[in-house]
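Each of the two complexes below includes subunit A, the first together with subunit B, the second together with subunit C.
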Partner chain A sequence: MNVPTVQVIGIEKSYFRTRALDGVSFDAGAGITGLLGPNGAGKTTLLRMMATVLAPDAGDLRLLGWDPGKADERLAIRRRLGYMPQEPGFHRNFTAFEFVDYVAILKEMVERKARHDEVRRVLALVGLEGVIGRKIKALSGGMRRRVALAQALLGDPDLLVLDEPTAGLDPEQRLRFREIVSERSTDRTVILSTHQTEDVAALCPHVVVMDEGRVLFGGTPRELAEVARGRVWLAAERAPGAHLSWRTGDGDHRNIGQAPGGANLVEPTVEDGYLLLVGHRAFDEEAA
Partner chain B sequence: MLTSARTATREAKQVAIPRAVARPRPAVVAALARLETRKLLTSPAFLTGLGLVGAFVLLATGSAFFASEDGSGNERASVLVLGAAIGLIAATLLGANSCALRAHRDRVRELFGSLPSPPESRTAGLLLALILGPFLLVTAVLAIAYPVLRNNPDLHDHINIALLVQVPLTALALGSFGIALARWIRHPIAGPAALVVHVMTPIIWLVPWVAPASSGIHMGWHYTYLVAAIVFWASLALAGDRRQGRALLVPATVLALVIVSASLQMPPGGLV
Partner chain C sequence: MTTAWHVEPEILARYSAGEVDDARAFSLESHLLACERCRAALAATGGEDRERLDRSWTRITEMLDAPRPGVVERGLVWFGVREHVARLLAATPSLRVSWFAAEAIALGFAVIAANASASRGRGTEAVLLVFLVMAALIPVAGVAVAYGRGIDPTYEVGLASPMRSFGLLLIRAAAVLGTSTVLAGAAALALPGPDWTAAAWLLPSLGLTLACLALATRVRPLVAAGSVAFTWILVAASVSYGRADRLIVFRGQGQFAFVFVIAVSAWVLARRRDAFDQGVME
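Let's look at the complex of A and B:
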C-alpha cells in the first residue's frame, strides 16, 4: 500500500436503533479502492462520510490528510473532491451543459471561458459531447449517470468518490467508464462502491468487502479470490455441503462451500471469494 | 409529543450536511446569477405566470375594449403596458419560488452539499438574478412605455418617474418573497397560493406596493418600505439556508423597519 490518502479508523454510525457502520477501519492510497457489499452493508453511508456530507458518530476519518470534522479542513477537502452519489438528482430542465456548468460554479470555477472549456472536456470524456445542449429530462438513464460522472470529474479532483457509478450502464459504457477511471487513478485516489465484482476485478488494485456495517475483508482482488481456493467445485448436481450453488451455462452446478473429497475443484474468481463472504445475505435478499 | 420532537431534531442532526464555510464568495454568486437569470426568465413558472396574468388582464378589461372603436390606441396600449407590468411582477414571484425550490425538488442536496460553496451561494445567486432579470426587464418595459402612459389623458396626472420606479422595486420585493417562501415552506403550491392570497385579501390595498403621489402616500416612507421589504425577504431567504436562531437576527431587525415604514407611509384617513 502506498501512502494512505484516506484513513478510516473505527468509524461508527447509527440511525436510531439501526447500526449502519460498526467500527469500520481501512486505509486507501492512490489508485482505485473498490467497496463491495450487499445492499445495507453500509457502503453508501461510508461514502457519504468520505464526501463530507455525513458526520460519523464515532471514530476518525482522514481525507487527503485533513479532518472532515473541522469546518476549514472540510472546505479544503471539498475543493479537491469529486463525488458521484448513488442517486445524484438532476435539474431536469437544465441541459447537460448547464447542469455541469452549475456544479462547476459551485466548485468555485468562476472564470467563465476556462470553466466552459472544462465542462466541455468532462462531457466529452464521458462521451456526451453530442448531447450537451439536450435537456436532462430527455436523456436516458445511462446518459444521466454519465452526466453525474462528468460533474464528479470536474477539475480533476485528487479524491474521487463514486457510489455505484456503473449501475444502469450498458457493457460498452462500463468499459468506457473503466477506461476513464483507470486513467485518473495513477496519482489520484478513487473510492468506488459497486455490486459488480467484474468491475472490481478489472479496475481495483485494492478491495474492501463490507457487510452489516463491518469490514469482512481488505486486500487485493487476487487475495479475495484466494479466499475461495479449494472451496469452489463443479458437479452435476447441487452438492449438499455447498453454501451456494447455481447451474452454469454449461449445465454443471458451480458449488461454493466446504468441498467434499475428490470434488472437481476449479480456479476461484473474485466473485467466488465475495460470495463466500457475503453470499448467504445476497441470496437471502434475492429470495426475499 | 415533546419526545417525538426531540427525536425528529436528533434525526435531523444525524443526517444534516455539515457546513464548510460561513459566507458565499462574490465571484461564485455573480456567476450563478448569470445562469440563474436565464433560467428564471425561461422557467415554465415565470412564463406561465406571465401568460395567465396577461390573459386575466385581457379578460378583466374586456375583449370588447380592444375590438371596439371606443378605446383609443393610446388607452389600449396603456392597459397592455400596465397588464404586462402586473404580469411580470406575478411571474417573478412564481418563477423565483419555483427556481428556489429546484434543489429540493430535484434532490440534489447531497451532491451540492459535497461542493465547497455553501447553500447561501445559490440563494444569493438567485436574489441577484432577480435584479439582472425581472428588475431590469420591468424597468426596460416601463421606460419604453413611459411616453405612451404619459400621453394617456386619464393617467397623465398620476404617471411620473417616482411612480414607475416602484414597479420594478415591487417585482424585486415579491421575487425575494418567493425565494424566502421556498426556503421556509418547501412545497410547490406555496408560491401560487401566496400569490392568490396576496391578490384576494385586502392587504394589497391596506399596504400598497405601487401608489402615486396624488394618493397622499408619503413617498419617502413608501420607498423605505419597499427597500426594507426587499431586504427583509432577501435576508429571510438567506437565513432559511442556515436555520439557526442567530441567522434570523437581521430579518427580525429589518422587519421592525418594514412595519414602521408601512405605517408611516399612509396618510391620516387613508389613501385618496
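Let's look at the complex of A and C:
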C-alpha cells in the first residue's frame, strides 16, 4: 500500500448497549477503498467518523494526517473533505443548482462567479447539466443521488467519503459513477461503502469487509476472491454440506462451503469470497 | 441585415474597451446581432476580442443558468443582506412565509382577545400576560427549528463542511430574532391602551433565546427550546398566580433577572461554542 492517508486504529463505538464498532483497524491510501458488508456491519458509523460528524468512544483516527478530535485539525480536514451521506437530505424547494450552491457556500466558496462556475462544473460531471433549474422535489431518486454526489465533489476534495453512493442508480448511471470516481482516485483518497460486490470488483483496488462492527478482511478484490478458492462448486442439486447454495440462471446450483471430493470446483469471484466471510447474514439480506 | 439607427463611434469604442455598464452592453449586443454596419465599425475599433466575447458569454450563461432566487432570498438581498448569506438564510425553516403566517395568527389571536376583553370593560392583564409570555417565546421556537440535527435536512453535510456550525446557527438565530421582534412589535402596537408593557417582552425574548442556544450546546435544539419554554411558562404562571399585579414578572425585578440570564447565557455560549462543530451528540 502507498502512504496511508486514512488510519483507523482500534475504533470503538456503542449506542447504548449495542456495539456498532468493536476495535476496527485498517489503513487506506490514495485510491479507492471499498467498505463491504451487510446492513448493520458498522460501515455507516465508520464513514460518519471519517466525515468528522461522529466521534469514536475509543481508538484513534487520522485523516490526511490530522486528528479529527482536535478543533483546528478537524477544520483542516473539513476543508479537504467531500462527504455524501447514506441518506442525503435536501432542501426540497431548492433547485439542483441552488442546493449545490448552498453547500458550496458552506464550503467557504463565497465569491459568486467562481462558486457558480464550480457548481456548474460538478453538476455537469454527474450529468445533470440539463436539470439544474429543476426543483429537487421534482427530481427522480437517481437524480437526487447524483445531486448528492455533485455536492461531495465540490472543490475537488483530497478525501472523498461516499456512503452507499450507487444505491438507487441504474446500471448506466452506475457506470458513469464509476468513471467519475475512478478519474479522481489517482492521487486522492476515496472511501466508499457498498454491499454491491460488483462495485468493489470494478472499482476498488483495496477492500475491507466488515460485519458486526469488526473487520473480517482487508486486501485486494483478487485476494478476497481467493478466500473462496477450492470452496465453490457447481452441482445439479443443493449440496447438503454447503454453507450457502443458490440456483443459477443455467439451472445449476452454486454451492459455497467445504467442497466434497470430486466436486466440480469453479473459479471463485469476489462475491463468493464475501459470502463465505459474512455467511448467512449477507445471503439472507441479498435474498430479501 | 442592417437597421435604421447606428451606434455612436464613441460608444462603440467604450464598449470595445469594456467601459459600458451591463444594461447598455446587453442593449448594444442585441443591436450588433442585427446590424452588420455596426459590427464592422466595432471590428475597426479593434474590439470584439476573444476575452470580451468570453466575458459576454459567461454573463449570459450566468443569467440563464443561475435560477431566480425565491421570495425570501430576494427580499433579504433587497434589504442589503449579502447574496451568499441570503442563500444560507433561505434554507431556514423558521424564515419561511408559512412560519411567519403561523406567528402572525398566534399573535393576532392574542391581540384580538386583549381588545375584546378591554371593550367589555374587563381587566386586560390576564390576556396581556398571555400575549407577553407568548411574544417572548416566539423567537425561541423559531431558533429551535432554525438549525440542528433532525431540523435541517443537510445538517450532516453542513457539519462536515468547514463553515462553523456556530456561525451558521448565529446567523439564522439573529434573522429569526429580528423577524420575530418585528412581528411581535407590530402586534404589541395593536394592544389596548398601549404603554410600556407593550415592549416588556423584548428583554425576556432575548434572554430566553440565548438561554435556548446555551442549552443547545448540551442537548438537541428542540429539547433545549422545550425545556426553556416549559420553565418560562412555569415561572411566569407561578409568579403571577394570586398577585394583584399579574404582570409582575415583566416589571423591574423581572427585567433585571433577564439581564442576568442574558449575561450568563452569552458567557456559556461563548465558552461552549465549539460544541456545535464537534459532531453529532450520540
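A few comments on the model shown:
Just so it is clear, the second predicted complex is superposed on the first by the 283 of 288 C-alpha atoms of A that agree within 3 Å, B and C clash if a C-alpha of one lies under 4 Å from a C-alpha of the other, contacts with A are read in each partner's own complex, and residues count from 1 in each chain.
Methods note: contacts are C-beta pairs under 8 Å (C-beta built on N, C-alpha and C of every residue); 3 or more make two chains touch, one makes a residue touch a chain.
Note that the structure is predicted; figures quoted are calculated from it, not measured.
Taken together through their common subunit A, the two structures put subunit B and subunit C in a clash.
Shared-chain residue A:Phe97: touches subunit C; no touch with subunit B. After overlaying the two complexes on the shared chain, residue contacts for A:Lys107 are found with subunit B and with subunit C alike. After overlaying the two complexes on the shared chain, residue contacts for A:Leu75 are found with subunit B and with subunit C alike. In the superposition on chain A, A:Tyr83 makes contact with both subunit B and subunit C. Of the two partner chains placed around the shared chain by superposition, subunit C is the only one that A:His116 touches, whereas subunit B remains out of contact. Taking chain A as the common frame, subunit B overlaps subunit C at a single listed stretch, which among 109-117, 145-153 or 217-225 is 109-117. Put simply, subunit A uses residues 15, 48, 51-55, 71, 74-75, 78-79, 81, 83, 85, 88-94, 98, 101-103, 105-108, 110, 112, 115, 151 to touch subunit B in one complex and subunit C in the other.
Every residue of subunit A that touches subunit B in the complex is listed here, in rising order: 15-16, 48, 51-55, 68-69, 71-72, 74-75, 78-79, 81, 83, 85, 87-94, 98, 101-103, 105-108, 110, 112, 115, 148, 151.
Interface residues of subunit A facing subunit C in the complex, by the touch rule stated above, are 15, 48, 51-55, 71, 74-75, 78-79, 81, 83, 85, 88-95, 97-98, 101-103, 105-108, 110, 112-113, 115-116, 120, 132-133, 151, 161. Within the complex formed with subunit A, the residues of subunit B that make contact are 11, 14-15, 17-21, 25, 27-28, 30-32, 35, 39, 43-44, 102, 106-117, 121-122.
Residue ranges of subunit C in contact with subunit A, taken from their complex: 58, 61-62, 65-67, 69-70, 83-84, 87-88, 90-91, 152-163, 168, 274, 277-280, 282.
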